[in-house]
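Labels A, B, C, D and E are assigned to the chains in the order they are written; within every chain, residues are numbered from 1.
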Amino acid sequence: ADTIKIGVLAPLTGFAAADGESVLNSVNIAVDKINASGGVLGKKVELVVYDDRADAKEAVSLAHKLIGQDRVVAVVGGSYSMPTRAVATFFQEAQIPFVAAYAVHPDITKAGDFCFRNGFLAEVEGKAAAKVATDMLGAKRIAVLYSDIDFGRTLSKGFKEYIENKTTGVEIVYSKAYPFKEKDYKPYLSEIKELNPDLIMVNGYYFQTGPILKQAREMGIKSIILGEEGADSPKLVELAGPSAAEGFIIVTNLNRDDERPVVQNFIKEYEGRYGIAPDMVGASAYDALTIIVDAIQRAGSTDGKAIRDAIASTKDFDGLTGVIKGFNEIGEVVKPVQVQIIKFGKYHYFGVVDDPDIINP
Amino acid sequence: MDSYIITIGIFIAINSIVVSGLNIIVGFAGQISLGHAAFFGIGAYTAAILATKAGMSFWLSLPIVIIITGTIGLLMGLPSLRVKEDFLAITTIGINFIVEAFFMYVPFFGGALGIGGIPRVELLGKPLHGFSFLVLCLSFLLVVLLVSWWFTKAWCGLACFTLRDDEVAASTIGVSPIKFKLLAFVIGTAMAGVGGALYAHYMRFISASDFGFPVSVMMLSMLVVGGMGTVWGPILGAAILGLLPEIFRPLIDYRMLLYAALLLLVIRLQPGGILGDNGFVKTRLRIFSRGGKK
Amino acid sequence: MPLLEVENLHIAYKEIEAVKGVSFHISEGELVSIVGANGAGKTSILNAIMGLVSPKEGKIKYKGNDITGTAAHERAKMGIRIVPEKARLFPQLTVWENLMTGIYGIKKQVPLQERLDWIYELFPILKEREKQAAVTLSGGEQQQVAIARALISDPDLLLVDEISMGLMPILVDRVFEVLQELNRKHGKTVLLVEQNALASLEISTRAYVLETGEITFSGTAEEVASDPRIHEAYLGG
Amino acid sequence: MSGSELLRLENVSKQFGGLHAVEDVSFSLNRNEILGLIGPNGAGKTTCFNMISGALKPTAGKIFFKGTRIDGLPIYKIASMGIGRTFQIVRPFYSLSVLQNIEAALGMKKYQSKFQYWQKWDTHHTRQKALEILEKVGLADMADYRAGLLPLGNLRRLEIARALALNPEVLLLDESFSGLRQEEINKLSDLILKIKESGVGILLIEHNMRVAMGLSDRMVVLDHGRMIASGSPDSIKNDPKVIEAYLGKGEKKHAAS
Amino acid sequence: MDLFIEQLMNGLAIGAIYALITSGLSLIYGILRILHVAHAGVYTIGAYVGLTVYSLSGSLVIAILASMAVCSIVGILIERVVYSPLLKFPPYVPLIASIALLLGVEEVMRLIAGPQIHGFPVSIPLPTITMGNVSLSPTLLMVYIVSIVIFFILWFITSKTDLGLAMRAVSQDMSIASAMGINSTQIVRLTFAIGSSIAAIAGILVGIYFNQVYPTMGAVPAYKTLALIVVGGLGSVPGAILASLLLGIAETLLIGYANIPFPRDAIAFVAMILVLMVRPQGLLGNVRKKI
């Protein structure tokens, strides 16, 4: 073949279509950049993008299409947990390296040695958030409100574990899950308001956390609100309203104030091309793709095993989502957790968590 | 044959099995169900749990799957004795949501993480994958078809047809609505269970959202498009609605729109289903004619 | 000029040809009967005149206007009403509401109280059942509501399909008397389809015999009644 | 007499809200007997049928079939014991063919069994039997039509045929002759008489007095849910209460036979 | 106590929102007995048109009127082109068509406006009412006021006017209704127009209330409203509204006081199944059956 084919699975339609679009935009920027600088191994990179609608069954047929018909050399998993978890097994069997961009299901990397993850494990992020809440923000009485999916469950578990084991005098006064499709958070917030905690740890996507911010502030809740990467989207400010969003803090993997050119160029390029600010989902997919391409380059081959070994030996990779220290033995990424705060309607640097015992799962 | 084509074939075969079950409930017995995916899910989860927690083989667990799904199907059929038509439709939607919530929130079922690591089906010590798994699915489909076909020929089928038309009148000729409605529910849901077991062992990872309400809707669409109350309709419907989105795959952005438009068009032009009474395939073969109609 | 003219009417349901080229006419002030066997097409003809089925071929003229393509509700406004076969009430509406549909849109033009009094005198049970849903009425009560619903608007042309079905004998007599009275005293035109040919021919001025979709005999009521074949089949010899 | 008694109603009542549709009605039906049940519209006749056939549960009183109490049993049980009925407002299986409507009824025994309902129904034998019954009511040439498309008169005959297919000991006919012309009424009357001769008890609701008086061995008259008279057709015909409430002055015309 | 009152108000608000979406559907369901899932699609269109017109004109009133007009036309078109030829088929046939329509609307909206969620920031010229610890925001007040007005109008139309009688007659037997002089087609069309304009209002209000307009915003209402109209009682608008309010309150109190780890929808459906088992005809349904 005269191109090197890399597969991308993303939810371009359906309820998660906005994330799919973000993935698509970002990998397009990445691939253009790679090809503009001569491609890899002297060949151009060609992306094969399919829409899995964030649906496991669709994703499995598409995985087979990528494996059997398109014969891709590696795949970026740009979709949600369930489809990503379902396809990981099949890529493992076909011995095609697979890098999940932001899906959080813990079993994805356990499917085998061909499966990697560039996003944080939810538990890692939970622990990091707990550290931010207690160390950086000094909260003593904390409420936890989380989205009732695998992500929220494991994240809040990590959060609580950290508080229990690593801190003293900190109390979790409230902890409840809300269903994924929730729109009205007032029943929860009313309860929280009554308890008047120092800080509310809110887990969820921007379309959940945004309204939570809005409704909480409307109801007169004054507590600090801390979120995580799911809320990492410029849309959050729009949905929460500028005043409610102000001062909101998240743990994530994209630091907009990172001076490194890779970050600043990407942000400029993205805003220029699409007229909106990028988010963490896109950035993670961008990294997943560039990690693969970097590995191919270093492997000097498109052989599956060679690429796998090269990905596994990634070290201090200059990624969009921070300097990637590498992947651990089960294929989980090791990189610092970024802490961002909204100021004047934009995410800015607030801090970073890079304690090895937190970020190394 | 490449693995992609085989995968599509497998999904179509599994859907045909499940939709045939739905057909017995809705098409033959006239009990509208919008929650069939729940039973598909119960079959899949039972198989997955027996395989991962009890280490049972597919073959050993299959009878248990059938019994469990059928029994739960029987229980879920009970509301149909009390509520009818639209009320029943809504009740079955409710059942779907409740069952999905169970899978999602009860840790025993893997909770929000789903169940992974489901082994492959083995036959004579050899794991079946790709083509051989397709053959397995087709064999089950054949059995399901035979049951459906016989159902239209047996007294119990005729009893169900009378129930479909008029329950009170059916009772006056000695048909017990309880018995025959529940019979249809048991057989129909057991078929869904078989489909679910195959699905679980093929996907090898399942989660609650695979069996949500949209899946039920998809199955009903397959049935309506293919031809409600016909033996072959479920297969045709599963094939059409399984293939269309794949054919439109290259259109990426317009794919689902086109799919929706075509579904609408088919329903609009062939409201009785393609194999139905006034459908496009009007055939003299009795096997194609809606149970008991001329 | 005839009030109603039907020319070469063909009615088909898919393959079944129910009515095959029927022509007849009714002058103003006539009371005409159609008699015929089961499935002869009587109901189909009445429904076509009301506009409830559309004929495959043929013409229907009312008061000189071609109404073949006119919608049923327009025909109703022109003064045609039907007592349909099997009553066909609005099952979930009460008796009162069913009656009110009979004067939908013309409530202001009719002397409502007067009509109601008249109807309740004819069918006293309906007053008792005023608030009851139609579906729970007995068969005969339903038939009474159907008749009342058609009569309450005082139509110019009344189409009656098996009016005596399910009525008790005492009422059958009364209803035929009322039809006759409407016709003779008030000059209303009535088209009557009835299996109870004895009763219907007695009050009719003219009659048609319909067999498998075609008119095979017509004449004055006496002529029809005295035709031996008709007598055999409908009047029980 | 009690040896031939098939059906007995004892002080049966039915109330709908505040309405007493049937009040304290008692009568019995014997083998080889046609009992005419007449009365004004809304008198409670159909309600009686509904209670006997199990579609409604009496609010008071008892119903016996061959000595067994049946009130409150489900419809299909009562049907399978040997009580067949027709509906005043016809209820065919509209999507089935005329033939299949009858065939379905022929399966009554199979439906009660544990597993026989898995046997094939579409056999030559069943078809033949169904055709025979259709022949009797004069619908044989319509066997392959969809029942939903039949004109009303034919549906009435279909109802009778379907009830006959149950091979019942008690037959409940609810205005089965209305909507038929005289010629057909005569034919069906002959059929009904034959059925009666074969040992069946028939309960007949009919507003056509020529038919009712002609066929019935005895009659029971209901008015406002109560029994106001019973006896031979001749005595009923001349009962002033019945004339007043039901037959009217024109009674002669209707009852002429 | 404060908490309880606040939760009750929360519940009422969400109930009022359910009722807004449901009442129009109930009207339409009442007339054709179609499980009109695509109503949620009309509602989505309503929200988008409202948002667009609002951002162009800056006037909420103009936005609502424009949206009502567009949605009425869409509603009428759906009835004419899709449903009316399917009426003689069993109810699942139009249901599937309706589901296809909803999917189509979602896709069209995604293609036109993009998959992202759009905010719908409007400042409502209403005060915030505070009673002790309980506060009612302007958007909430707006939802209450508009719902009450709409409910009153609907109640008046359906139970006090000839139009209401005609609607009920048409819903039971279209052709006999025509024979009584009722223009059935027109009544059906009018019903779709009214129901769809209410959907437009609902789309805009819900969009403002949650500050979210996005292509799949109809997905949850699509089936939840079906459940509500059925539980309310066949085609009974007051029943649908009552069911909506009760459900809103029940959900909120259950979330607030019982730590059931079940999603709202599952709670809703458990409640609905319970209601249907006790009252198979729905809350205010007075469907009388022949035996």
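Assume a contact is a pair of C-beta atoms (placed from the backbone, for glycine too) under 8 Å apart; a residue touches a chain by one contact, two chains touch by 3 or more.
These are the chains along with the protein names UniProt gives them: B = Amino acid/amide ABC transporter membrane protein 2, HAAT family; C = ABC transporter related protein; D = Amino acid/amide ABC transporter ATP-binding protein 1, HAAT family; E = Amino acid/amide ABC transporter membrane protein 1, HAAT family.
These figures come from a predicted structure and were not determined experimentally.
Colleague: Where each step is a move between two chains that touch, what is the least number of such steps from chain A to chain E?
Modeller: Graph distance in the chain contact network comes out at 1.
Colleague: If you take the mean of the Cα atoms for each chain, which one ends up farthest from chain C?
Modeller: A
Colleague: Compute the distance, rounded to whole Å, between the mean C-alpha positions of chain C and chain E.
Modeller: From the centre of chain C to the centre of chain E is 42 Å.
Colleague: Express in whole angstrom the distance between the two chain centres, defined as the mean CA positions of chain C and chain D.
Modeller: 29
Colleague: Can you work out the whole-Å distance between the CA centroids of chain A and chain C?
Modeller: Chain centres of chain A and chain C, defined by C-alpha means, are spaced 75 Å apart.
Colleague: Give the residues of chain A that touch two or more other chains, as numbers and ranges in rising order.
Modeller: Answer for chain A, listing residues that touch two or more other chains: 13-14, 148.
Colleague: Where does chain B touch two or more other chains at once, residue-wise?
Modeller: If we look for residues of chain B contacting two or more partner chains, we find 104-105, 168, 253, 256.
Colleague: Can you pull out the residues of chain C that are in contact with at least two other chains?
Modeller: Where chain C meets two or more other chains at a single residue, that happens at 136.
Colleague: Which residues of chain B touch chain A once you look at their complex with the stated criterion?
Modeller: 2-8, 11, 104-105, 111-114, 116-117, 203-207, 209-210, 245-246, 249, 252-253, 255-256
Colleague: Would you pull the chain D residues touching chain C in the complex into a rising list?
Modeller: Going by the criterion above, the answer is residues 16, 39-43, 45-47, 88-89, 149-154, 175, 178-186, 207-210, 245-251, 253-254.
Colleague: Considering the complex alone, what residue numbers of chain E touch chain A?
Modeller: For this pair, the touching residues of chain E are 2-3, 6-7, 10-11, 13-14, 17, 107, 110, 114-119, 121, 133, 135, 137, 210-212, 214-216, 219-220, 251-253, 255-256, 259, 261-265.
Colleague: Going by the contact rule at the top, pick out the chain E residues touching chain C in the complex.
Modeller: Chain E reaches chain C through residues 162, 165-166, 168-169, 172-173, 175-185, 286-290.
Colleague: Touching residues of chain A toward chain E in the complex: what are they?
Modeller: My answer: residues 13-15, 17-18, 20-21, 148, 176-184, 186-188, 190-191, 193-194, 207, 210-211, 214, 218-220, 235, 238-241, 276.
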